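Let me begin by handing over the structure; questions about it come next.
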Amino acid sequence: MTLYLTESPLDLGELLASVQSPERGGIACFLGTVRNHHGGREVLRLEYSAYGPMVEAECARIVAEAESRWQAAIALRHRIGRLKIGDAAVAVVVASAHRDEAFVACRHVIEELKRRVPIWKREVYADGSVEWVGSRAAGQQGSELRVTAGFGGETS
Amino acid sequence: MTLYLTESPLDLGELLASVQSPERGGIACFLGTVRNHHGGREVLRLEYSAYGPMVEAECARIVAEAESRWQAAIALRHRIGRLKIGDAAVAVVVASAHRDEAFVACRHVIEELKRRVPIWKREVYADGSVEWVGSRAAGQQGSELRVTAGFGGETS
Amino acid sequence: MPSTAAPALTVRVLLFASYADTLGFASVELRLTPPATVGDVLDRLRALPGGERLPPKPLCALNLTHVSSDTALSGGDELAVLPPLAGG
Amino acid sequence: MPSTAAPALTVRVLLFASYADTLGFASVELRLTPPATVGDVLDRLRALPGGERLPPKPLCALNLTHVSSDTALSGGDELAVLPPLAGG
């Protein structure tokens, strides 16, 4: 079974090797790396966490859909845990007979990953603050949420 | 001075390292590799040749145009000489602050290279024939040309 | 529990990232009276301290698949309430 | 050469790939009577054995830059006639 999540540094060469073949002449890749700024603030480092079993299931669905739609071989890997500035957080590699399919499928996979795959990012800023990325914005997913210290809730 | 042409195997890691920086979080790459078929025929190997000085000049123009237009750092390398099936012939790596610019610029650079950069490819087929790719088609660049054995022409 | 009621169904609820911080726990077993939907679980969560901060329509996944809030629940289901995604 | 003519200009012409095979040479110094254009060089090439196989409008580059066939030539120019490109 393919593991889409890893705590190790991403190895682009390994992903390339897993999709290359003599029939596939066009290979498009995307690497998302940790930037030193976000929303105008200086980022020191960050930590990705995930709902692991669902990441595996959802990535498998995204890859299967795209491989079938574009006749491509696709490798996808997301790193979680603590990452430094410049570290690669996500890698997508798509090999197809022609470059058009490879580019379109590669773009599609990263967009779908961002839209559907349950991974979260907590950024540590130079001013000492820490924030879950995406949780401040009052976007379609809702109201304002702020990080609070835990309390011992219970139900049932 | 950057050399865009090489006779050595392409090193994607080296190209990546040359464009990555803490401000650039989106990296799009394209690798074109030698396929084992073309136009329905089985390809055994091929040889790329080039008008070297113009390749350097035209690639520099393409890269400068795209870096300015998309605020990106771009690495571009084309291999010439004899290549085997599966060898990478061309590599484009684009790093930008965001993935949208990286994808669009990467696609643009490979399309412009194909349209503007003077490189030629001679394919050796399984049936023993040898052909300059693109020279059989009666496209916009003209009439039918067939490879003929040399003769000692002279002028002036 | 009244003997006339349908047997309660138990659902495992998972919270992540900012939602786990906000409600102060990452998982809970909830007992619900059938028929129950994803929305019923969200209502239960909203009644807890910090639960008022959940958005009107949070992303939810039932047994590892995205679902809408009117999806029906069965005993043994795993329901995850997902804060805004930030992968990539 | 008649003494009334303007001094001839010399242009270095380069052929590549299938064109070099077709005409049987890869470079030649051509002397032309000014004013001369890229098209004049192409006409001279077409008069050579194999030259009839050049397409009506081949790609041309003058001093490493793409040009059209009506571009004027100067002494010392390097004109390359480029078969259909096949890089990438």
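We call the chains A, B, C and D, going by the order they appear; numbering starts again at 1 in every chain.
Simple rule for what comes next: contacts are C-beta pairs under 8 Å (C-beta built on N, C-alpha and C of every residue); 3 or more make two chains touch, one makes a residue touch a chain.
All figures in this text were calculated on a predicted structure; none of them were measured in a lab.
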Based on mean C-alpha positions, I'd like to know which chain lies farthest from chain A. D
List the centre-to-centre spacing of chain B and chain D in whole Å, with centres computed as mean CA coordinates. 25
Go ahead and note the Å separation of the Cα centroids belonging to chain A and chain D. 53
Chain A and chain B have mean C-alpha positions lying a whole-number Å distance apart equal to 30
Quick check: what residues of chain B touch more than one other chain, meaning two or more? 32, 110
Which residues belonging to chain C are in contact with no fewer than two other chains? none
Those chain pairs meeting the touch criterion are A-B, A-C, B-D
Spell out the residues on chain A that touch chain B in their complex, using ranges where they run on. 12-13, 16, 20-37, 85-86, 97, 99, 102-103, 106-107, 110
Under the touch definition given earlier, write down the residues of chain A that touch chain C in their complex. 32, 48-51, 53-54, 57-58, 78, 89-90, 110, 113-122, 132-135, 137, 139, 141-156
Residues on chain D engaged by chain B in the complex (per definition of touch): 10, 14, 16-19, 21-25, 28-31, 44, 48-50, 53-59, 61, 64-66, 80, 82-88
